[in-house]
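Each of the next two complexes has chain A plus one more chain, namely chain B in the first and chain C in the second.
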Partner chain A sequence: MNYQLNWSILWSGQTGGWLLNGLLTTLEISSLAWLLALTLGNVAGALRTAPIPPFRWLASAYVEFFRNVPLLVWMFFWYFGMPPLLPQALQDWLLDHGAEFWAGVCALGVYHGARFSEVIRSGIQSIPKTQFEAAHSTGLTVWQTYRLIIVPIALRLIIPPATNETLNLIKNSSVALTIGVAELTFQTRQIETYTAKAFEALAAGTVVYLVLCLAISTLMAVVERRVAIPGMIAQGNASEF
Partner chain B sequence: MDFQVIFNNFRFLILQGFFGFGTFAGGTLRLALPAIVLGFILGTFIGLARLARSRWIHWPARIYVEFFRGVPLVMVIFWFWFIIPALTGKSLPEYAVALTAFVIFEAAYLAEIVRAGIQSVPRGQIEAATATGLSRAQLMRHVVLPQALRNMIPALVTQFIVLLKDTSLASIIGYVDLTKAAQIVNNREIRPFELYLFIALIYWLCSYSMSRYTRRWENRLSPSPS
Partner chain C sequence: MIEFRKVNKWFGSLHVLEDIDLTIEAGKVVVVCGPSGSGKSTLIRCINRLETIQSGDIIVDGSSLSDAKLDTVKLRTEVGMVFQSFNLYPHMTVLRNITLAPVKVKHVSPAEAEKIAAVLLERVGIPDKSQAYPANLSGGQQQRVAIARALAMKPKIMLFDEPTSALDPEMINEVLEVMTDLARDGMTMVVVTHEMGFARRVAHRIVFMDQGRIVEANEPEKFFAAPESARAQQFLSKILSH
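Moving on, here comes the complex of A and B:
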């Protein structure tokens, strides 16, 4: 092994700026896709618990179709397969405004929306039936029951799995490099190509991902502890044997 | 729209891309099946290590798991793609690189499944086994692991579904799996909508049928929650 480590390539020249740009693009595509995923996931998750069968079927079809196909295939589908079917004006607009970025947002958002809906569905379904009954017997309407009892509890219950899904989304945004979105992994590879220093470039990218994931999960753990209802949710002592 | 392209290239897409018979060393299944078996073996050791009493054993295992769960798979594939040649001085074929990356990466997730499976075995079983005079290794092998494995099966199948979908990422380094096969055909035919929809259906068929199977299995194992 005769590989010379040279960490200074990470801050000399343009490479530092590339890394920063990559991180910003990752955050940008992840947050837009996250909003899309949360919207789709909420609608689909709620519809899957709805008492009207056609709504349930529609939501199930969306969830089962999108989450059972690799994200990479969705990336290609939205980037290469979809635009030719769009109206010409929209195609031109996309070409001028970073088509790969918007295809990436769609692919990530629609794919993770299907996964989010499962989190939301299981959150709603894990609330004991007695909560509904108790709320009903105190004279609350269905709307009030949802607004005052069910949703506040469900939101607390889904914090850990929703955090997990958010982290998955951020990590999965790296797949967007295949369609040319200049996010963090893409920039890491660019640094590697320009400097021929694979180890340093990859290490830098890896550390940024690790710090990002760690920061979010630490923050959410604090939030979870803050909002926990005593006695309702088991408070983090799962790991003892 | 013209789905003729699918029929014309059906053999290449399925035999070469999905199963791996053909001129290229490729195939989605040829990567996914060894990866899950080897990953499970490595994952069992790491999962057991996480439960070990000595902190010199459980801390490294914990760091391993947390590290690989915090890094995107694409990054891990690139690590092995660049680092193996740098360390050994010779480049390995895509298949070996992809398989190594998947085994190491999936082992972190499988270790958590193994750990959860072992922890799901009731304490009374362990106490009873200890009381009959079994050593800790015997207890693991004869009492805990057989029961844990049964509890793990749904989670293992789910992880295999994830792995099967993740193998599409091996196409980034040029491994000819189903996704890469579709790309190759698309370069010649320029029919992206039809081709990517077709491979989406193939992936969907595999994943969905397996997930239906696990749901049935879970329903049979656990008494229905109130």
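Moving on, here comes the complex of A and C:
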């Protein structure tokens, strides 16, 4: 073996900076997409259980449309397909402000929102119907019942599958390299090309993803314990109430 | 206070309520009994519009429920309901379980709502549990909180759907005592229950249902001493034998 390992490319000079920038971009695109996904997922998930049929149809259409097309296709759609349909001023603004980044946020957020919504729907559906009725019988409206009771309970029950979806979202943010977002995977490839140190570059990328995802699952486990419904084991055991 | 006029209801092809006529005056306690599946729950759930009816009419405190303009929220502030399965909000303290609806529906100030809650917790016998969470209470305590939660809206009518059926035997009495107190205070109550001792002591009238019909409605003394229908006799002999 005459390959010379040179780990210092990861922290010295220009290439070290690339790695760090890649990590920051991954964090940025993932957190914005996560917020978008959680918002869309909450709304669509709740609507899919709503007592009003057109709301259910609308939410189902969203979910089925977005989760059944590959994420890569959505990346191309939001980056190449969408901008020409926008007003000229917005197109110009996007061109100056990283159009690929915002397309990536939309693709990831809308796609994972559809998947989140299924998680939230299953959480809501594990809550017995009588819980809704008890709330309604005190005069709370459907909207108040969802906002004050059903969704807060469901969110606590779904932390484990939601963690899983969050990790998927972070890992899927690497697909954004295909539309030129300079995130972590993009940067490791660039380091590899520039230094010809493929092993070191890819090893670094692997370790950074691993540490990031482990940190998030640890954090979510802490959150799960913090917000657990008192007296209930945090296992999503909805039969308790 | 509550009047059923020729009420009919179907679930698909199942005729769950058939020509129901029933008048319940203010301050009276009516116990509804009958075999499982006879339509007892459906009957009382119509009173607060958890179920809708297909024909006939129900008048609650002077308002017709078939009137499309009748505000369901307003109706429900006047009719409290207690369920077999308690259905407290598990993520909220006992205090918040009780104050939620007064604050959100009636726009009572939180401080005022907490005062009402304290009085009610005293009344149902658990003044020290306001900061507990539902899962840390016994079934009997949870059901008493559920009663307090319904009473916090200051309803004119209270509906109970088998309030003690999910309880261990030693907890049944503490809930029945609270209900008895409430009856003595003059609350209009409709109670679905198999607790015939309670019915005998507290009810002004017993309504016996079978297959969606009211088979018999009588004062407790008459009902227990000499039920008119064969179905009621059968039902009573089965239920009183254990």
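Just so we're on the same page, the second predicted complex is superposed on the first by the 202 of 241 C-alpha atoms of A that agree within 3 Å, B and C clash if a C-alpha of one lies under 4 Å from a C-alpha of the other, contacts with A are read in each partner's own complex, and residues count from 1 in each chain.
In this text, a residue touches a chain if its C-beta (ideal position, glycine included) is under 8 Å from a C-beta of that chain, and two chains touch if they have at least 3 such contacts.
A quick note: this is a predicted structure, and the numbers were derived from the prediction, not measured.
> Does the superposition put A:E64 against chain B (first), chain C (second), both, or neither?
first
> Have a look at where A:L214 lands relative to chain B and chain C in the superposition and call it first, second, both or neither.
first
> In the superposed arrangement, does A:P87 touch chain B (first), chain C (second), both or neither?
The answer is neither, since A:P87 touches no partner chain.
> Look at A:P53 in the shared chain and tell me whether it touches chain B only, chain C only, both, or neither; answer first, second, both or neither.
It touches nothing on chain B or chain C.
> Who wins on chain A residues touched, chain B or chain C?
The partner with more contacted residues on chain A is B.
> On the A-aligned overlay, A:Q144 touches which partner chain: chain B = first, chain C = second, or both, or neither?
After superposing on A, A:Q144 lies in contact with chain C but is clear of chain B.
> Return the residues of chain A at which the contacts from chain B and from chain C coincide.
Common interface on chain A, chain B vs chain C: 128, 241.
> Quick check: in the complex, which residue numbers of chain A touch chain C?
Answer in residue numbers: 128, 130-131, 133-141, 144, 148-149, 152-153, 156, 229-232, 240-241.
> Which residues of chain B touch chain A in the complex?
51, 67, 70-75, 78-79, 82-83, 86-87, 89, 118-119, 161, 165-166, 168-169, 171-172, 179, 182-183, 186, 192-193, 195-197, 199-200, 203-204, 207-208, 211, 226
> Where on chain A is chain B touching in the complex?
1, 3, 64-65, 68-74, 76-77, 80-82, 84-85, 128, 167, 171-175, 177-178, 185, 188-189, 192, 198-199, 202, 205-206, 209-210, 213-214, 241
> Tell me, which parts of chain C touch chain A in their complex?
Touching chain A: residues 48, 50, 73-74, 76-77, 79-81, 83, 85-91, 100-101, 104-106, 133-136, 146, 149-150, 153 of chain C.
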